[in-house]
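The two complexes that follow have subunit A in common; it is paired with subunit B in the first and with subunit C in the second.
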Partner chain A sequence: MDKAISFEQVTHTYQANTPYAQNALADVSLVIPNNSFTAIIGHTGSGKSTLVQHINALLKPTKGSVQVLGKVITSATTNKNLKAFRQHVGMVFQFPEKQLFEETVIKDIMFGPKNYGVSDADAQQAAKSAMKLVGLDESLAEKSPFDLSGGQMRRVAIAGVLAMKPEILILDEPTAGLDPRGHKEIMDLAQQLHDKDQMTIILVTHQMDDVVNYASQVVVMDEGKIVKTGTAAEIFADPGWVYKMQLNLPSSAEFAQKLVDSGVPIGKLPLTIDQLATKISQLVAEGADTDE
Partner chain B sequence: MKDIIQVKNISFNYADQPLLFDNLSLNVHEGEWLALIGQNGSGKSTLARLIDGLNVLKQGQIIVDGLLVNDENILDIRNKIGMVFQNPEDQFVGATVEDDVAFGLENRQVDREQMHHIVERSLKNVNMWDFRDRIPANLSGGQKQRVAIAGIVALSPQIIILDEATSMLDPRGRQDILNLVREIKAKNHLTVISITHDIDEAAGADRVVVINHGKKIDEDVPDKIFANTEQLEQIGLDAPYTSQLIAALKGKGVNLNQQYLDSERLIAWIKQLVSNK
Partner chain C sequence: MNNFLFGRYLPGNSWVHQMSPQSKLMLSFYFVIVIFFANNLASYAALAALIAIVILLSGVSILFFLKGIRPLIWLIIFTVALQILFSAGGTVLWKWGPFSVTNLSLINGGFIFIRFLLIIMISTVLTLTTTPLAIADGVQTVLKPLKKVKFPVDTLALMLSIALRFVPTLMDEMETILNAQRSRGVDFGSGSLKHRVQAAVPLLVPLFTGAINHAENLSTAMEARGFSDSEHRSKYRIYRWQLKDTVSWLVFLLVGGLVLYLRK
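Up next is the complex of A and B:
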């Protein structure tokens, strides 16, 4: 599988050469394959945002190099050359609806492509297909984005990123503050962009159930370092370690752990509700002994 | 039990928009933890704003601790209520954590000496005294909410309204903040209204009011509300985790004649089932 992104021994120091210098990334190496769905997890301040900001060249490495779709960024890359990176890497920040500003939905979505010199007609075309992609009805095009619901506003903001036709999409806690229905809509959209539109998705999240349900690869960060990479099953196999990283287990693993603590012999912790229900029904059928 | 807030037959709409509340009534008992649940846009936050006099009613009345919400009483009412919003960034004004907590007291012209004591006590209350010289913007989400809560505690309100106050936090930060509010509530005999779409947050309440499209569609103890999983799903909320597990078990032929149990009771039931065979 081709790699979309690779980090080679990347260190990022904020306020370098000052007494406040602080390493936010320390010697990070990572490969993100093309068309993968990668979740990046870690407690607040572990370096997740700093990491993803290198992928769309909002930050340059202090040391080491980042390769994105064949282009290399090092500390020596001039700022002028960074714009080309961003065109292929869409970034949806937390609470992206705060960045909406145009009079109408369609104008807001067209802003990005136009900023990259796309003609009005082409930008409009791109905006229309982006609206379709995120499931916004065409009738909303001429409405003010500020008259929409929270979930709809967020989809307008995401459409604005998708209108640039990025190959890589970074989602930084895209569902924060949404109700369960809005949450599911946005996550299903991410999955669709990955499955049908062949995009490489990078999800920064605190929600371990989303990690289990959507991600093919999980990267765990702590103190600016990547401390583990693997599948969800590999990452959550050691609950003690997960807690030490100040992370949570997926809901089913957490519930299973409580059952284990009260003496029900669950064995390996299940990650999904279906796995847990299967395990319990087996135990009931077998008539297992609880160890008191 | 005394009703500390009475919402009586209120109607309200934002300019040029349809009625959000049409003849809504509900009461909040003094000293209880009331969860207001409903999906985004259901009117939960607007209700909080009406109680705090931030929006003006079209019809009906709201009474807070015996005072009618109107222009004349509004300052007294706001002194009784502390609100914590979803995004703490929206509520910081001070250059340092300490200044920020002092702001509300300065506004109320509290004597300087006394102010220092109150700020110290409030920050210690939320375990943020060591951070008093820090810039609020550089704190984590959970720390920011702690500072916001300290600012409220400093003003010793009778009622705290949490408006999606934990929805930006990670699961651990969320639990920390809820535990903190629970502690402060017990210590200061407060009434807490938590506006949320997080079912697990609502599970810890004494009572739950379900709002949908501006209407109160249900009102009961959490056990009863959560037993009605169809209703929760209809209005776009998740069933609690334990209900989802009960349903999944039913699918595998393990039947419980109830749709909801809290974690503790469900664990006890599973344990008994497994060992009885």
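Up next is the complex of A and C:
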């Protein structure tokens, strides 16, 4: 697999050379392969958002270099050339509904493509298919985005990013504040974009269940450093360490851990609901056997 | 965005930090008035010496004061240039059309420059050593006598502290929206004037929407906690007049007298 993104010893200092100077990233090196689904986890203030903003060239490294789809960003990169970086990297911010501003839903979704020089007709086409992707009814196209519900506004904002047809999609806590159904729909959309449209997905999240259900690679951050990279199974293999990072186990693992604590022999902790159900039905079957 | 000096409080425990906000506020006003009485080198020198002592006592690096001047540098240059090119009197040194430079206009230009510098310095000392909330409290104390004529001093002070409280929030929000629109391909701060004005719309609409939402949420939260402006409110932060305030006032009054004595 080709690498889509690579960080080489990236350090980022906010407000360098002032008394407010703060190291948000310290000597971070990371490779994110093409068409991977990477989850970035870590407690609040661990540097996740700073990390992903580098991928979109919204921040430039203070030291080191970032390579995105073959283009290199260092502290010396001039602001003029940054737009080219952003075209292929879509970024859905936390509470992205805050960025809506146009008179109608369709205009807001067309805004991104048009900024990158796509013709009106093509932008409209892209906007319509993006609306379909995120599950917005076509009848909403001419409505004001400010008349929609919170969940619908979130979808409009995500559609506005998808209409640019990015190769890399960054989702920064995309489901915060959504109801369970909205949550599942957005996460399934991310999976579909990954599987069908071959997008490289980067998900910043606090939902460990999403990590085990969707991500193929997990990056754990703490105090501006990457402390562990691996599959979900590798990351959650050591519950003590996970808690030390101020993170949680996925709910299935947590449930299984409680069973272990009360004397049920589970063995390796299951991570997903399916694994947990299989494990329990096995135990029940074995229990039935020993009863006989 | 980050070199915005407004509301840039630097925590500290210096003489100036410890003074009560109301007296710092009044001293700054007083100092600005005194500046306008100064009209020769000796009187300006006295004021410059005083501000140098204040800056030393504030324990804040001089770099912060120089940064405070930067955003105003064009205003200062423009005013000084007007003063130099258009004031009459004195020996003419250079003349071109309606413009003339005389020895007097040069001196006046220099004085205007010093005036600007002094005013920026004193107000920077105030904002660097006093939290925005303390300044709002100071304003409330200073305006208290106006209550006699039914002026809503408390409401005004509340409005002021709410406004100050939301400056950092709205700045953060602006940063986020800027970034969000940047990643949707907006180029802020480049291109023609028309292009730049157009680029402001995707920034301002969400910013205003956000501000109005904040206001609504805040008013709901205040009402839920039983807020009413007709109530007499006690204070959580109380700033007492201290010996340091008295000493500072004596020194400032003394220098004020000196300026009146030294001026032509």
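The definition used in the following text is that the second predicted complex is superposed on the first by the 286 of 292 C-alpha atoms of A that agree within 3 Å, B and C clash if a C-alpha of one lies under 4 Å from a C-alpha of the other, contacts with A are read in each partner's own complex, and residues count from 1 in each chain.
Basically, contacts are C-beta pairs under 8 Å (C-beta built on N, C-alpha and C of every residue); 3 or more make two chains touch, one makes a residue touch a chain.
Computed from a predicted structure; not experimentally measured.
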Have a look at where A:Ala176 lands relative to subunit B and subunit C in the superposition and call it first, second, both or neither.
-> first
Of the partners subunit B and subunit C, which touch A:Trp241 in the superposed model: first, second, both, neither?
-> neither
Is A:Asp274 touching the first partner subunit B, the second partner subunit C, both, or neither of them?
-> first
Can A:Gly160 be said to touch subunit B (first), subunit C (second), both, or neither?
-> second
Check whether A:Asn56 is in contact with subunit B, with subunit C, with both or with neither, and answer first, second, both or neither.
-> second
First, second, both or neither for A:Gly112, with subunit B first and subunit C second | second
Winner on subunit A touched-residue count between subunit B and subunit C: chain B
Subunit A contact set shared between subunit B and subunit C covers none
Would you mind writing out the residues of subunit A in touch with subunit C in their complex?
-> 14-15, 18-20, 53, 56, 58, 80, 83, 86-87, 89-91, 93-94, 96, 98-101, 111-112, 115-116, 146, 160-161, 164
Could you pull out which subunit A residues touch subunit B in their complex?
-> 43-45, 95, 149-151, 176-182, 206-208, 246, 248, 251-252, 255, 258-259, 262-264, 273-274, 276-278, 280-281, 283-290
Could you please specify the touching residues of subunit C with respect to subunit A in the complex?
-> 2, 10, 173, 176-177, 179-187, 190, 201-202, 205-206, 209-210
Of subunit B, residues touching subunit A in the complex = 39-41, 86-87, 140-142, 164, 167-168, 170-173, 197, 236-238, 241-242, 244-245, 248-249, 251-254, 263, 267-268, 270-271, 273-277
